[in-house]
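There are two complexes below, and they share chain A, which is joined by chain B in the first and by chain C in the second.
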Partner chain A sequence: MKDDKARDQQAQLAPAEAARRRFLAGVAGAAGVALAPGVLLYGVAGAKAPDAPVTDQVRWGLLIDTTKCATECDACVTACKTENGWGQNEVRSRPDQRAHWIRKLTVKDRSSGHVMSMPMMCQHCETAPCADVCPTGASFRRIDGIVLVDKHICIGCRYCMMACPYKARSFIHENLEGQKPYAPRGKGTVESCTLCVHRVDAGEQPACVVACNRDGHKAMVFGDLRDPNSEISKVIRARGSTQVRADLQLNPGVQYQGF
Partner chain B sequence: MKAIRLPRRFAWIVAVALLAAAAAQAGRVPLPQPQQVPPEIATSCVEDTDVMRHKHFEFILHQRDETMHWGIRTKRHSLKNCLNCHVRQRPDGSYPKHTDPDHFCNACHEYAAVHIDCFDCHFDGPEKAAK
Partner chain C sequence: MSKIRFTTIEGRSPGFYALIGVLGVFLLGAAFAWHTMETEGHWVTGMSNQVIWGTPHIFAVFLIVAASGALNTASVSSVFQRAEYKPMARLSALLAIALLVGGLAILVLDLGRPDRLIVAMTYYNFKSIFAWNIFLYTGFMAVVAIYLWMMMDRNMTAFARPAGIAAFTWRIILTTGTGSIFGFLIARDALGTALLAPMFVIMSFSYGTAIFLLVLVAAYRWTGRPLGDAAVLRVKNLLSVFVISVFYFVLVYHLTNLYFTAKHDVEAFLLLDGGPVTQAFWWVQIGLGTVVPLALFWSPWTKDSIAAAIAGAILVIVGGFGQMYVTIIGSQLYPLELFPGKEISSDFFDGVVGHYAPSSYELLLGLGGVALSLLIVVLALKVLPFIPERLDDAEEGAS
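Let's turn to the complex of A and B:
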């Protein structure tokens, strides 16, 4: 009965109007189909279609358990070097000038003598001081929480290096060759941990996390802080987390446990 | 009289033109010789040759911002996709560097004296050539 009524209405419409309605219905149908895989993919580690822009429905984060982080292990650093191609081709720079996307720190509490080990890298702050001070907009926070340097517009002034409280950034002082195709880096620009953005966009985990898990330490958990059902959110909810220099109120995406 | 003068003038013009052509040929910068893509791949380029010649930098410039800021990683107009087809392995197994005269990008850019900044940071060959 209802269908008949709709058909009657359709018949009464001018041909152009009817065509317009059919077109709109078609568009709506197509949008539904296109959205469906995105919604499904969102569930599995946030893999997105290559032509889909990033959204603020996701905030990528990294949780590091310092009690599981072994003092002598530097698997995460090695994996980062191999993945992003730094640390091998800077031959003319002084050691203190060389790239350090990720460093292993050993921290000792003087009063108790307690020693712990932890990796330190770009903390992917929500209110990133590097992006704040950048005069060209090259330092920016991607809408899904990953802080990056757009080297196309970086002028190499290094204000961001001074603004960063984590000493996470480094500057390239020499001409480079043999970069990785997915990790461009060159003289005169600042760089830091990208949270392996090329892997994250493909739905994979950062290289450091993969290496840490592979070696059985399992000290790093990567995931979406905005999704209450992600592993990282569950662990933080259950056990809490510490932000380094929380007093600066930068709300980093990289958080720690165990100190 | 007039009938004789006309051919003489033509001969003069032809002689000058020939001389000029010869002079230009002798002192000319050699035409670029980029690596050639096999015809079966060349026909499947993302745009027509004419469009690519005039607009490739616009495509790349647009794509770079989309990728950097919005994580859009479509292949069609990406620099990586260009290099994957257009930088070919040489007979000796090596790949041309971006400073070599047979590198697909460098061949024309050197000829036109237009410096490319891309390869100060980007890898200059196909992905399979990366170590």
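Let's turn to the complex of A and C:
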């Protein structure tokens, strides 16, 4: 019914009016062509407006190719330290007390002697044991898959650290200064890799991924695991992926290739 | 049938004030330790990002587990209606509350942010066994307090048994919860088993009864009240059954692990080459905490000796601390297996056995919790009638 009505109105328009409408449609089309790449980029990167809610339409993930990751390279670790401000300002803590948001892990097969290198950080599990055991709910998983610590309600019980199978979390053992405004850190609370949530929400890639692709060996791909057309989904579909401690069935968002 | 007369202790002797003074010194020490840890941060402790829970947790978990067990005597009296335990029931319930308060105080003061205790009480994640335990602990104190009231108020004694049954049920659930804090951890090879829940329940029976025996003897001897051998030996016999029960659970735990090839490495660490963990297991937990007390409790030469019963109870407590060390510290010193069967290394101590040396601050905090528990008992005995005037054999036979 509505369509019929619209057609009737179109038929009654004066020729001049029809020409004006065609002109406007043309302008709109040209503007669309000009703006489309930006809109397209915006859509792929998934940046959200500051006040827009997080959505479960995406699941952020990270794919690491251990065959490309070089033993001597620590570009991802350095970038994470610089971006999130850890690794420099713990002056009183012993080495075993200092925070590690990301670390390079060397894995050697006992029988064959095969050695591989890889970055290890919070694996952003779908069923995160840290979030399960946290008494206050400070450890939580955003619906887009990023596991975080709410620094306002973390009481520093460290139960999450006991529960994490990846040793991904650190407790802050001393008073800190010089924190980054977007990466709050403080004595007596637990912290870990945030997947650079402040960058991801702004449509950028995590600092480690940028560094790996710029200074490293292009071993990391970041993207939306839910989007079948994202690069990460395509690579995983083509070549498969493995999860560390897959036997625990935590379905981490960080996945690996090469072992 | 003679009536049991419960009275307060006089609490005016130099010895009483000396005891209060000594406990006060320990509390001051703990306050100093906590203040330092709170202002400086945990870098002053031996804890780290490898050994996350340290000596304060050994003390706290021991006291919380023992608190539940200290209620044994009252439970045997009220739930299983054994009249001979009734005179000791009030002290048993008092000790249960006191030990729990001491243990919880340590746990709270060791938090990274103890100032956020209100957060722990207002934000709950009900999937967390820790959150359940917050309710179980506070509820236990309330239930046992009501139980004490029913026992002590002449008009309410009819409700003592239902209250006793409620307290008994609650403490079983409570210690199941405490054991599950460790049992629910998939990450740690030495933990993550359902066996830990019943094992903690039976451990609570053992530790709590040992502490009860010592407090009973001290309360009577130090106040010059008559205490018959039969009362002490009865508690000792109960304790010996609990010690052998704990050993049974330990045996089943290790035998099961030894059967699983995947657990061979962690078992080798605990039983053979774990350094201080292995030594604590064999010498403290098994030797001092199990074999020697059982020999003292059962050998024909010492089974009727009060001194042997006291020595045995002390050793059960020492062994309990050893068991806590093996369970809590040992499970963390053993590295996480990110790639089972492969060797891993990093600058974050992956793949290597951890190191833990407790600092004096941690010890002071832990001892302060014990002192707090004892101080509560001593002051309560002075204020309210928790113990009978006499507990000698003739009196017991009559009641």
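Note that in this section the second predicted complex is superposed on the first by the 216 of 259 C-alpha atoms of A that agree within 3 Å, B and C clash if a C-alpha of one lies under 4 Å from a C-alpha of the other, contacts with A are read in each partner's own complex, and residues count from 1 in each chain.
Going forward, a residue touches a chain if its C-beta (ideal position, glycine included) is under 8 Å from a C-beta of that chain, and two chains touch if they have at least 3 such contacts.
Remember, it's a predicted structure, so these values are computed and weren't measured experimentally.
**Student:** Specify the partner with more touching residues on chain A, choosing between chain B and chain C.
**Tutor:** After superposition, C is the partner touching more of chain A.
**Student:** In the overlay, answer first, second, both or neither for which of chain B and chain C A:C157 touches.
**Tutor:** In the superposition, A:C157 touches chain C alone.
**Student:** Should A:V197 be classified as contacting the first partner (chain B), the second (chain C), both, or neither?
**Tutor:** first
**Student:** Please work out whether A:C80 is in contact with chain B alone, chain C alone, both, or neither, and reply first, second, both or neither.
**Tutor:** In the superposed model, A:C80 contacts neither chain B nor chain C.
**Student:** Going by the contact rule set out at the top, does A:N175 touch chain B (first), chain C (second), both, or neither?
**Tutor:** both
**Student:** Which of the two partners, first being chain B and second being chain C, lies in contact with A:T189: first, second, both, or neither?
**Tutor:** In the superposition, A:T189 contacts both chain B and chain C.
**Student:** Applying the document's definition of touch, where does A:A52 land relative to chain B and chain C: first, second, both, or neither?
**Tutor:** A:A52 contacts chain B only, not chain C.
**Student:** Is A:P129 touching the first partner chain B, the second partner chain C, both, or neither of them?
**Tutor:** After superposing on A, A:P129 lies in contact with chain C but is clear of chain B.
**Student:** After overlaying the two complexes on chain A, where does the chain B footprint on chain A coincide with the chain C footprint?
**Tutor:** Comparing the two interfaces on chain A, one with chain B and one with chain C, the shared residues are 175, 187-189.
**Student:** Could you list, by residue number, the parts of chain B that touch chain A in their complex?
**Tutor:** 64-66, 68-75, 80, 83, 97, 120-123, 127, 130-131
**Student:** Okay, in this complex, where on chain A does chain C touch?
**Tutor:** Answer in residue numbers: 92-94, 96-100, 103-110, 120, 129, 131-138, 153-159, 161-167, 169-175, 187-190, 244-245, 248.
**Student:** Applying the document's contact rule, which stretches of chain C touch chain A when the two form their complex?
**Tutor:** Spelled out, the residues of chain C in touch with chain A are 40-43, 47-50, 52-53, 111-114, 116-117, 119-120, 123-125, 127-131, 134, 181, 184-188, 332, 336, 338-339, 341-350, 354-355.
**Student:** Report the residues of chain A in contact with chain B in the complex, numbered from low to high.
**Tutor:** Chain A residues touching chain B: 48, 50-54, 140, 142-144, 148, 150-152, 175-182, 184-189, 197-198, 201-202.
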